[in-house]
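Got a structure here, written out as structure tokens. Questions coming.
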Amino acid sequence: MTVTSDMLRACPADLGAADRAALADCIDRCLDCVQACTACADACLAEDTVGELRACIRACLDCADICDATARILSRRTGHGADVALDVLAACAVACEACAGQCARHAGCHEHCAVCAEACRRCAEACRTLLETLS
Amino acid sequence: MTVTSDMLRACPADLGAADRAALADCIDRCLDCVQACTACADACLAEDTVGELRACIRACLDCADICDATARILSRRTGHGADVALDVLAACAVACEACAGQCARHAGCHEHCAVCAEACRRCAEACRTLLETLS
Amino acid sequence: MTVTSDMLRACPADLGAADRAALADCIDRCLDCVQACTACADACLAEDTVGELRACIRACLDCADICDATARILSRRTGHGADVALDVLAACAVACEACAGQCARHAGCHEHCAVCAEACRRCAEACRTLLETLS
Amino acid sequence: MTVTSDMLRACPADLGAADRAALADCIDRCLDCVQACTACADACLAEDTVGELRACIRACLDCADICDATARILSRRTGHGADVALDVLAACAVACEACAGQCARHAGCHEHCAVCAEACRRCAEACRTLLETLS
């Protein structure tokens, strides 16, 4: 069990249409993605070929920021917020797919890009699964 | 002139379709909104009537998070990122409009809600204006 | 293995004095704490006794923000940054201890405060352990 | 008047020892620094000499993250939080001074580094001034 699933079980607010497991998974995948994308942008910066990794670094930094906001917004269940959550989830899925695409190009050369691409793909899938549950 | 407009003038990357003034205004309105929403959530929490302000606090916290991510993502001009920026901008506009609506209900009683509602409205407008420029 | 430890293994930069396991643990505990504190502030807000939980909510929101910054800063290993990391780690430990103290007061009544207090304690310990490694 | 000073005037919580003007100035300088540092990291990444700007990019990214957390934490006045605020302010001042130092090295070549160095210096000064007020 993760801290996230423990917190969701302890939440006094009605979780509404959200499937608890899909919600916990999406939050955890977003937090993994914040870490992977922040670390991958930094690792790309340390490479000799940094000049060829600009688009990858940009995608990672953007993805970290939207995943961070998504994890926080999904962690709140009190009051309204459903419409905002749907739009943020959709934007997060797009950012994760874009970053997975950039990192996949360099996954053969750089292990950090391979790990990050996989973290982004899993996060995008978790966002799409949760979007279906909530819609 | 703001720090943001100075930074945009100094940016070596092609700013592309983005109108420089619309971009600077949107970034600055997002940062204003991070502050207003964070402070308004906190001020609502200090009110005797906090029990009636739950939806407003929730909307403020969500709005601060998405405005924060939007300001950061819009501040990056290098590499790709256009599609992600469009989706984030759209989600940000929705969050600002939702928060402006919540705060407007309490603007007569609480000056902090009045100031925050206005900051959210201005940010939503700046997002919509920039979306038209970029689309 | 977590995404964080996979990313650290793939990092091209010299990890310097930082023990890899202590570093991965600290980053992961910070991200857990971002989630637990964000969710606990929200769960407190949903309680009937929200008026008595103001200091707890405040501590949670502050703790989430500093843990978020700490996780990001620790995830970067390229270039300098050691002094900044030490000061941020120390501030993060203080915020986690303060939040653990607030949540512990309500842990008997609210399961979310019990889970959050434990997440904060583990994060504070991980910060203190890493500080010793890095100093 | 800025949104921040309007929000501080509307705040129902006791602002305590904090001088209102010093507090508003520090929050606004932190938010300026989030923008300048995010944009400067991105602009450095677009330069042909990106390989020589690694330490500068790292310092900018760290500085943006700690300034972001500091602006949010200082915007909250409800409940306790004084000790945490002091430690975060001190860490923020150190990060701003480190980033100002890195950017100053490249200020002659890159206008974005000159603007960012100045934003960092002003933020560090505002943090030091507020620390004296609060101590």
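Per-chain residue numbering starts at 1, and chain names A, B, C and D are given in the order in which the chains are listed.
What we mean here is this: contacts are C-beta pairs under 8 Å (C-beta built on N, C-alpha and C of every residue); 3 or more make two chains touch, one makes a residue touch a chain.
Since the model is a prediction, treat every value here as computed from it, not as a measurement.
Within the list B-D, A-B or A-D, A-C finds its counterpart interface, over half of the contact pairs alike by residue number, in B-D.
Across C-D and B-C, it is C-D that has more C-beta pairs touching.
Distances between chain centres, each the mean of the C-alpha atoms, put B farthest from chain C. The centroid of the Cα atoms in chain C and the matching centroid in chain D are 21 Å apart. The centroid of the Cα atoms in chain B and the matching centroid in chain C are 27 Å apart. The set of chain A residues that touch two or more partner chains comprises 42, 45-46, 54, 57-58, 61, 68, 72, 76, 78-79.
For chain D in complex with chain B, the residues that touch the partner chain are 2-4, 6-13, 27-28, 31-32, 34-36, 38-40, 42-43, 45-47, 64, 68, 71-72, 75-79, 110-112, 114-116, 119.
Chain contact summary for the complex, chain A toward chain B: residues 54-59, 61-63, 65-66, 68-69, 72-73, 76, 78-81, 83-85, 87-88, 90-91, 94-95, 98, 102. Those residues of chain D lying in contact with chain A across their complex are 41-42, 45-46, 48, 50-51, 54, 57-58, 61.
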